[in-house]
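In the two complexes below, subunit A is the common chain; its partner is subunit B in one and subunit C in the other.
Entry: the complex of A and B
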């Protein structure tokens, strides 16, 4: 045991080594800016290791009192036009008479006051900020003789335009999807919530990438305890890079070892807005079009954004259908194994005869046959997702012909097995959330194995274990199976079915929102919105 | 905390105490038995036959791929002192494991039935593979084995034919009974009721009926027919009821689903057919000064199905008359059934059970001599019939002027 622990610590959790490296890096950055621009620029060049896209220019501005200034920016992050205007502006303008005592700080103030061509002017005192500003696309101006620098926003980062979401497709409702730019994503949310109570808290995470992570919530609706908890967990992330919300998710999940997703990522701003309005917290990450909403429950994950846009009766039927499909994708092949290997008395006679005849000459027992087919199907599916688009067609043909047709003709599998695999495979894609799809895909194999050993009895045992496990899950303190367990009658209105919007007067109890009622009514008065 | 842990573990352990596991058997390794036959062999042994489905043959015919190359079923036979001995001995002939859960019927030879059913039914009720809804039939003409061997063209599975044929004839004609293992065991064990089982008979040359050539004839040389109801006393077959008497018995058992009754129309005998679509029967039994009185109340709903005589069916008086005649006809049939049963001292209708339920104390004193008491009982029958329509027209087309 101690040996194992040692090994574990060395590989996963070596605090000593980590601290060392951290000190090395940050100690450089916390130095103050030097008063001489020559020193500054040399230091900067060294700090960036003479990176070829770090551009540095020295200029002399003003006529009678001349001042040396240094301009630094990173070529690949800035808009060249903006930098050009900035430089022109600096050169073209006449300096006012300098203050006798502090000639150089005067210049700095002058720059700050007169340079309006670029936004977000900031004073900088230390190298930490300098490098940060440079890396987020700002242009930093050093003034000779002062130990302060000024930065202006000249950033222009390449990113996609707002397009339709790729994964969470809806036939009804808004069709905008998030992009890779955090700014755009926040603006997509802001423009849907016209309330000052929408709070956006940004924080860079990742020692190397310094990715901006934004925390969004509605002040006055979201439970402050949940907000605090999310903040705390975000602060505790200790990593070098963050590229996607999925990485954040793994750090902040309640239960790390579970097949069930306890947070969901959305590509649709409207989904995130509806979560925010219900009192959830959203986490957006710069550089990815997926945003996380927490806390979520299992039933919430099985819901689609569309459910709220189409008529409630249709939405309810579709939700039921989705739950049934999830069950089929979980139990389909396992049930087939159990029925054909253990409980033949449960099949209608003619079906039994037909299956029996089809299985004649198949060299494997039902379970092996099913595992083979499901495994092949999974491989095929994974290949189809990863393969270059040009290969899609041949892959589909190979899958359909080789697996569907030839394997049957060759007598390796029975035709009914192909049907079962196809039905369970398609059913797993009905779930609107990819995470649930993967859950059912993995759990299916467990169910198949146990049903091959114990039949329906085994399926029942594993189901009991699975439900017990789901029952134990929490998403930021919210029971995973709410509102069914613990049962909250008034929340069942928006769970397995969805009642009309005018009946959904309260926010979900399980979130413990600050304001439970969506709308405040005054008797005999107009409806007043509560925000 | 310890208390909850204890409760949880107590709830947990029963999960492993079920008897529902350990029956792994792949579907293609099963010999699906579609019907079973029990005959009497020499020296007091049973001769048990199984009709096993040749599933590849049936499935290939279904998909239209040729078919007809080999027989759809195979019949295996063996003898034994007990039924299970015969079943296990038959496994010497069958390559796969016999599987009984999909059995459609059990056919018992009349000789076995006359000797007593009790031994046969124990295994049918005890074995976990057997279903209690299994149809039971008595082979009247020919042995059970021969009946199982007959192939007929319209049915791929002669075994399921037994069940289907019984169902159809019981629901269309109403002269046979769909009795299953549960009914029979109920009749065998309970006081004041005896089992009643329908018969099946083999018609034609059974030797030819067993080969595929029977399937190529438009008029099969051998076929089977469901016919009659057997009366039992103490588990032993006593007498057969047929035709209208059998229908009376079905009516008394409140098992009449649908039937057609012929009644006289003016002078013409049996010229008007009435279809009974709903029937309801209630039995009663009472002791009146030491003598039992059996009461039967019946209600029928019917419609005119065929009229081969000039008759005004749009006249309510005519309809009333027809209703009255129908009531009389049904009373006659029911009485004839009761009389037959009384003569044989076989209370298949469960009058004794009715009396047991209404007067449990009285029943205790007479339960041992119920059969003789039943045979001398007075029977009162009341019937009410309603004819609600006459099909698509009133008068026969040729009688309208």
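Entry: the complex of A and C
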């Protein structure tokens, strides 16, 4: 752990609070289930604080001998039909020959064997498991006289159907997006990878929310060291709630203080599948439609899923376009400031005269003008995103009229400034990942400030510092600027451009995958798939 | 997870760092045009040869002790006290060179682009960025140089092709060859070109041990770097002469700027002047970065400090103060730079001491061999 992190923890964490929370955590009931169902049910009621959605029913089943059983479930989490069938089944069926010595444990076994309407039958011995099963929508059956309970899966949680992804938009390729249900999401991935080597490891994280977090990777392809490292970092997360992958991301990033994203979240299962197949590791979180893939490099983030679905020539051109757009969104307004304020001799004379004429009457220096316009643009953008749908259209019109027309007429800004701001603003949305958009939006202001002071000199020097920073970044040990620095020739095939699929015979070197070759050419052989 | 990362500098990174270091600010200045006039290209070619030979001296020293930087091998060969003091002299020399380069660089910047900006401000900003990049270590510096090398080579090749295509190329301007005989050419090469930029390669003796673990390959890479940068300089000088003419080039402080401004493709592609300022800044940055890093690593080695980064801030301050106080006026600065420093500082430190070291080391090892041979016989 870096030094500053330790320091932060020591500074911000009150040691008293820490002890307190640990104490509460240790009071988890590791008590065994009582043999008497009366005791059990009372204990359960108390443990849940008489919560109104905890349903408890007592039944008597069998004729001679009769056995009392208790059924408990949380009605907001279960499918009522399933529970009803379960109860009917219990009441309707005749008990087989009772075991003389242990009549009650016999009933338990009988329940376990005969309740076929519900899946995932489990024996439970302690209260910790009982509460866990109840909270994940299972129904727990207590049998009088035994200190074991049986639970069956009756869960049905409301969730959205699989729909088109909202944020990660592509024009080609599959149109399914992740949903909020972890099970659905994993099934969306399984559906696309028909291999037993896809490994799914689940683990609850968060003391309060106990959110299921799943780690997915391809055994035999993913680098075991990376998998181990991701597991370790996930285990080290110490928090009370996890609601989105973004929260996980902040805990497991390599470098905490950077504007560049070292992991990205995807909403499309096909993106995650292509990452898994290249040897990356995916992290899915229950309750959010975004999944993380690690490790990623800068160029990988600038790529879009559909790059692999369209023809390579078009994909290459689009990738180049995206890089150029990223540059424009970073440098556009800064370059304008530098050229007009410091290096007028570099502009063609006619353009310079035109700019000079337009700026006549503008009361601010170029830098202030640019900052003003960019700031307004950002505010409008944020408002348009947050505003209710119905307000979106009026906002857009207002923004267009206010910025494009009135500000110019009022003599606050020059028309050319509006063009520059519009181009840089639109360019920043070409990047397929929202994370990169944020990077360029924040850095843009830095570049504008420095170019207002030092012109091109400042822009280039800060760029040098930026490149040095990027090249020191690591995403789970993988250099951020790979395959350019460090240079890997064979990986350049799928970086700034994309060559045809049949030429991409190896997986990225920078990931150090266990199986490097994804295509094996053997003359006269049929294609074989190794699992 | 750090074991994933190769912390050592790769050979292509070393190559790009050498190229940037050699080109430095010289490429914009038209190396040798002011002294050798239309024979500057000959002087440049000769200069590369001499530069390669000079680097072979450093390389020999490095190959003798591949794990030791210059400060280390000095102590090994001359003994602890003498070597240590000499090492300190070199550390100060690198700091002085950094300050000198900073002065040259900011002066050019002021003359060419920022007439109103105080040079102390531009210099401080430059040092700030250098410090930041050097906190990433030699790997950070070399890696960054490689990324910018891609950028530079694309830019340089395009510009030169454009100059050839659209500039007014008059090859006859290269004539008459050797108008005043070989004398001006030799005078340009020795001592001026030998010491600047080729002799400054001595700073790399502080870095080679931190490059990839193949000493011979490292040396080869550095030699290629020198050769390529020498050829680039030669090409630039030839273009300057051929396009702008000797008289204009020799009178101007930025011959390359004038050459580039000749390019005009229709009305849409003109004013490529931005190329010169970019090249100038990149070259200046990596040159100052290399010198400061050499000084910092040397000091860490001499004082036995584990983390060289601790020296960055104090050394940068020293460079800044030296920069501010080194010359009263521009004329004095140039006078010192052309007349005094090459003879009394550069030559002994860049050529004298390394040669002496090689001789002493050779004699030492021979006597040792003889002694051990003698012992065997007796």
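Just so it is clear, the second predicted complex is superposed on the first by the 506 of 531 C-alpha atoms of A that agree within 3 Å, B and C clash if a C-alpha of one lies under 4 Å from a C-alpha of the other, contacts with A are read in each partner's own complex, and residues count from 1 in each chain.
As a working rule, a residue touches a chain if its C-beta (ideal position, glycine included) is under 8 Å from a C-beta of that chain, and two chains touch if they have at least 3 such contacts.
In this text the structure is predicted, and so the values were computed from the model without any measurement.
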item	value
Superposed partners subunit B and subunit C on subunit A - clash or fit	clash
Touching partner for A:477 - first (subunit B), second (subunit C), both, neither	second
Contacts of A:362 with subunit B and subunit C, given as first, second, both or neither	first
Partner chain in contact with A:468 - subunit B first, subunit C second, else both or neither	second
Subunit A residues touched - subunit C or subunit B, whichever exceeds	C
Touched partner set for A:426, first subunit B, second subunit C, both or neither	neither
Which superposed partner A:487 touches (first subunit B, second subunit C, both, neither)	second
Which superposed partner A:354 touches (first subunit B, second subunit C, both, neither)	first
Subunit B versus subunit C as contact partner of A:454, first or second or both or neither	both
Partner chain in contact with A:341 - subunit B first, subunit C second, else both or neither	first
Intersection of the subunit A residues that touch subunit B with those that touch subunit C	342, 345, 454-458, 461, 464
Interfacial residue positions of subunit C with respect to subunit A in the complex	1-6, 10, 12-13, 109, 113-114, 117, 122, 125-126, 129, 132-133, 136, 140-141, 143-144, 146-148, 150, 267, 270-271, 273-274, 277-278, 281-282, 285
Subunit C contact footprint on subunit A (complex, rising order)	225-226, 229, 254, 342-343, 345-348, 454-458, 460-462, 464-465, 467-469, 471-472, 474, 476-479, 481, 484-487, 512
Subunit B to subunit A touching residues, read off their complex	15, 18, 20-21, 23-28, 30, 32, 34, 53, 55-56, 58-60, 62, 99, 101-102, 104, 129, 131, 157, 160
Of subunit A, residues touching subunit B in the complex	340-342, 344-345, 349, 352-360, 362, 365-366, 454-458, 461, 464
